[in-house]
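Below is one structure. I have some questions about it.
Every chain is named by a letter (A, B, C and D) in the order it is written, and numbering of its residues begins at 1.
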Amino acid sequence: MAKIKEIAVVASQTRLGDDVYSMWIKTKEITAQAVPGQFVDLYTKDGAKLLPRPISICETDKDKGLLRLVYRVVGGGTEEFSHYKEGDTIEVLGPLGNGFPLEAGGKGKKAFLIGGGIGIPPMLELAKHLPCEKQVVLGYRDVLFLNEEFSPYGDTYIATEDGSAGTKGNVLDAIREQGLKGDVIFACGPTPMLKALKAYAYEHEIECYLSLEEKMACGIGACLACVCKSKSVDEHSMVHNKRVCKEGPVFKAEEVEF
Amino acid sequence: MNTKVNLAGVELNNPVMTASGTFGSGEEYSEMINLNHLGAVVTKGVANVPWPGNPTPRIAETYGGMINAIGLQNPGMEVFIKRDIPFLKKYDTKIIVNVCGRTTEDYIEVVERLADEPVDMLEINISCPNVKEGGIAFGQDPKAVEAITREVKKYAKQPVIMKLSPNVTDIGVMAKAAEAGGADVLSLINTLTGMKIDINRRTFAVANKTGGLSGPAIKPIAVRMVYQAANAVKLPIIGMGGIMNAEDAIEFILAGATAVSVGTANFRNPYAAEEIVRGIEGYMKKYNVEDIRELIGAVR
Amino acid sequence: MNTKVNLAGVELNNPVMTASGTFGSGEEYSEMINLNHLGAVVTKGVANVPWPGNPTPRIAETYGGMINAIGLQNPGMEVFIKRDIPFLKKYDTKIIVNVCGRTTEDYIEVVERLADEPVDMLEINISCPNVKEGGIAFGQDPKAVEAITREVKKYAKQPVIMKLSPNVTDIGVMAKAAEAGGADVLSLINTLTGMKIDINRRTFAVANKTGGLSGPAIKPIAVRMVYQAANAVKLPIIGMGGIMNAEDAIEFILAGATAVSVGTANFRNPYAAEEIVRGIEGYMKKYNVEDIRELIGAVR
Amino acid sequence: MAKIKEIAVVASQTRLGDDVYSMWIKTKEITAQAVPGQFVDLYTKDGAKLLPRPISICETDKDKGLLRLVYRVVGGGTEEFSHYKEGDTIEVLGPLGNGFPLEAGGKGKKAFLIGGGIGIPPMLELAKHLPCEKQVVLGYRDVLFLNEEFSPYGDTYIATEDGSAGTKGNVLDAIREQGLKGDVIFACGPTPMLKALKAYAYEHEIECYLSLEEKMACGIGACLACVCKSKSVDEHSMVHNKRVCKEGPVFKAEEVEF
């Protein structure tokens, strides 16, 4: 079992609203290996765009060998993907990175699953696999997506920047407004959110795992494009630079410096 | 059918190697391709001490290419010798260590330290556009190229490859300078200095402002420089710059390269280097080329 | 909202012009776009006498770009003055004549002949990589750049734009040389020397062996050079090299260009130049930019 | 009426055998203006390929606004086109160049319509529009295509290099073998064929029109990439260099030098 680049076939694609799309692709070997928090690299057909696009694994259907990707159109690559229809092919490399430590959310614990914007998708696969009690906190700018799909797995709290749904503000505002408590945080989202969660976890002395983003080239740890500042010396270069694609994207909060 | 080529006495099973900095020391890619099938693995630049590299973002995609300003992050020669050389020794491929430094002394320190290690060749990077202190400054002045080549050669026990910068008016002059300094082989091209601006955030796309442009976008410049260098000196040349497939590799060989390095292509297709080896064989079969050496510099 | 820019006293309605050699004298494209909407039309290079240009094939497509070795075919200044200037005068756009020559005397002959013609500016091409006798040889040596600029300035009645070659080690040095010679404006970049080999026919893809690489592939190099030149001299700069759309044009302006030229993009999309004018306006609206001059060199 | 770049819709695509494809596209304005012997420029979706691909007009259906293009897959661009299906879009610029002079084949004349390889397609539209008597001579390497579609318009003679059909040899071998005579030649095909036809026409003192090929960038006469050597001074640069895309692709044989 190892990373593999496959030509996957699009099984379905739907628009979740705004510029967010949900695509199921058939990719047996990658799906078989995938764990929550890992990502895949998607390649465009347009040869003018060379680099793969990293997208988190949002759900897997291991029986059918299907992988779900939920992404926002922000540029030319995601724009291209959004036009794919059932039966189209797409090249995928994966699974990449390390997932969330499921053992940190063992039975008896109470976990926060926190997603901000396009950091929400990987939390769904995590919700499905974490054995502990789950409180899901989702932050949006305005239009909601995926939120209803979390309800089978735990109570879901919403924050929106414009106040159109749930708490007006960010995910921490929602946690405070609802007076939520927990033993461990699993989170993915924009850097300012992750930074605030790190401080919150430190203050409340709870365990915290953050999934980071950085510009990537190889996706497998060879090019050193995607490093983050780390507290401990990294095993690759011994210089406090961990590779998001290889040692990450999930890090223990104390481990990373923003 | 012979695909073996000879670089200053080192015989490669085939002319395909990996470009420094795009392939680590091979470990990551070994999960996907068989390193035994490559002519050589060229490692990421190794310095005398660990280098932290540049702040992020370190890369940006461009049209048909990318710019990078990694800044030569590397663990330094001691870790490299302990960890990466033993890993590579497990494979039937040649080991070429790319060497970087800030001063002539830095380079020499690495070259001396590697003298008795089981590495096949040294590639001296005097053309990195992404570090202030060293690299490219050496590579843009023919006197400096000649001088550092001569110094390195004094201490090197392995054949020395000088890796030239394309950010120069006349690559032939630089090639001759390296030859005069005693270089055994030339590598070209390193990246072209480029810049990308994010117009929405109104800032530079890579933190270092400028970075090195690589990928198929630069191939025509690289082929031209390999052709010019091959016509200026007698040394064997390792050609690189935008090689994506076997056709591209053959283009470099016909222009005068004895071997080729595959860089950015690895990011688009992790199997690229291995596929290129097979593709060259396919071309040779199609055109009844008995020995790959018939193709070297065949278009002039 | 102001989109007017000023180049050495010449006021353009907007900063978008066409790159020399890609747009003829505008007549062919006038069937598809409205020349009144362009800041200026820059003509194909004009010499003192007709030039036949190079043998075919004169162009080859490359990854994200193309190479050309047209060899400055042109009808010479007399036909140009009789036919092309009257055509362009029908439009509300500025006329910039690109001038080429083999010797300093050739350039001066054209510049003198145009002195009393209704042209707004002269762009002196000292950077064509595709003719043996002249062009690029001038553009790669700072002393030659300064000298020819000074000579041309002696005879020119219109503001003089010096068009620089990117095939140099340090574009800042060349920009300063042109400034020292008295240039009013700089244009950059001309094409990068490139080569393509047809591996099936084992021959050069363009008859001239080498040609000039243009198109989006080279944009990061061009943006970097515009940025460096803008930081080296006080002259206004016309930026070009791979501009395909308004975003690309804005990137050049943010890097320091006062105006931009659209070249290879015309071949992919004949409406490109006009669409870029509209796209720049759209960007200004989106970000509430009142005056385009706020954007010039805004990223540093 | 002028050249226009349109986004055309693919109406149908079929494979004619070997690597030759026939594609009908819906492009009203270009079709309305098109005359036999003109061509269009097709643009790839792959951004790595910038330049348009010149393809001759093989047939028009002016009522339906449909244009037929018959092309051989020789590289990446034609390869991309060959995958297009009904409903896909394709950008087209046209109509380009000047067509064959129909008046040279007026009633009472006897014309040769000669096509070699992928030079055959434009002869079909010409055959449909020439009022005179027509003898169609088609040269192939081996596999035939389009030949049957010429039969409504005149007698059709075939030459194949491998002798698998018709005369073994080239189109001139077929003409000689069949003892054909005519007053005027219209031809499109590889340069050696055109060169031989020019000599044949000179020898027999008959009018001859040849459609040429050259590498192109702009397709409309602005870039001077596509010139051929001409006997008379060209109107653009006054240097005996005519533009294939603008003054051509059809030239009088005496006019061009090979």
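Basically, a residue touches a chain if its C-beta (ideal position, glycine included) is under 8 Å from a C-beta of that chain, and two chains touch if they have at least 3 such contacts.
Keep in mind the model is a prediction, meaning the values are calculated, not measured.
**Q** Tell me, please, which chain's centre (mean of its C-alpha atoms) is farthest from the centre of chain A?
**A** When every chain centre is compared against chain A, the largest gap points to D.
**Q** Considering A-C alongside C-D, which chain pair is linked by more C-beta pairs in contact?
**A** Between A-C and C-D, contacts are more numerous in C-D.
**Q** Averaging over Cα atoms per chain, report the distance between chain A and chain D in Å.
**A** 55
**Q** Please work out the Cα centroid separation of chain A and chain B, and write it as a whole number of Å.
**A** Centres of chain A and chain B (C-alpha means) sit 35 Å apart.
**Q** What whole-number Å value describes the gap between the mean CA coordinates of chain A and chain C?
**A** For chain A versus chain C, the centre distance works out to 47 Å.
**Q** Which chain C residues sit where two or more other chains touch them?
**A** Answer for chain C, listing residues that touch two or more other chains: 63-65, 216.
**Q** Using the touch definition from the top, which residues of chain D touch two or more other chains?
**A** 47-49 - these are the residues of chain D that touch more than one other chain.
**Q** Chains as vertices, touching pairs as edges: which of line, ring, star, complete or other describes this one?
**A** Drawn as a graph, the chains make a fully connected set, so complete.
**Q** What does chain A use to touch chain D in their complex?
**A** It is residues 45-49 of chain A that touch chain D.
**Q** Hey, which residues of chain D end up touching chain C in the complex?
**A** Going through chain D, the ones touching chain C are 2-5, 43, 47-52, 93, 214-228, 236-241, 246.
**Q** For the complex, give me every residue of chain B touching chain C.
**A** Chain B residues touching chain C: 62-65, 67, 140, 167-170, 192-197, 199, 202-204, 210, 213, 216-221, 223-224, 227, 242, 244, 247, 250-251, 254-255, 283, 298-299.
**Q** Please output the residues of chain C touching chain A within their complex, sorted ascending.
**A** Going by the criterion above, the answer is residues 63-64, 216.
**Q** Under the touch definition given earlier, write down the residues of chain C that touch chain D in their complex.
**A** Residues 21-24, 28-29, 31-32, 44, 50-53, 56-61, 63-66, 68, 70, 73-76, 79, 215-216, 264, 266-271.
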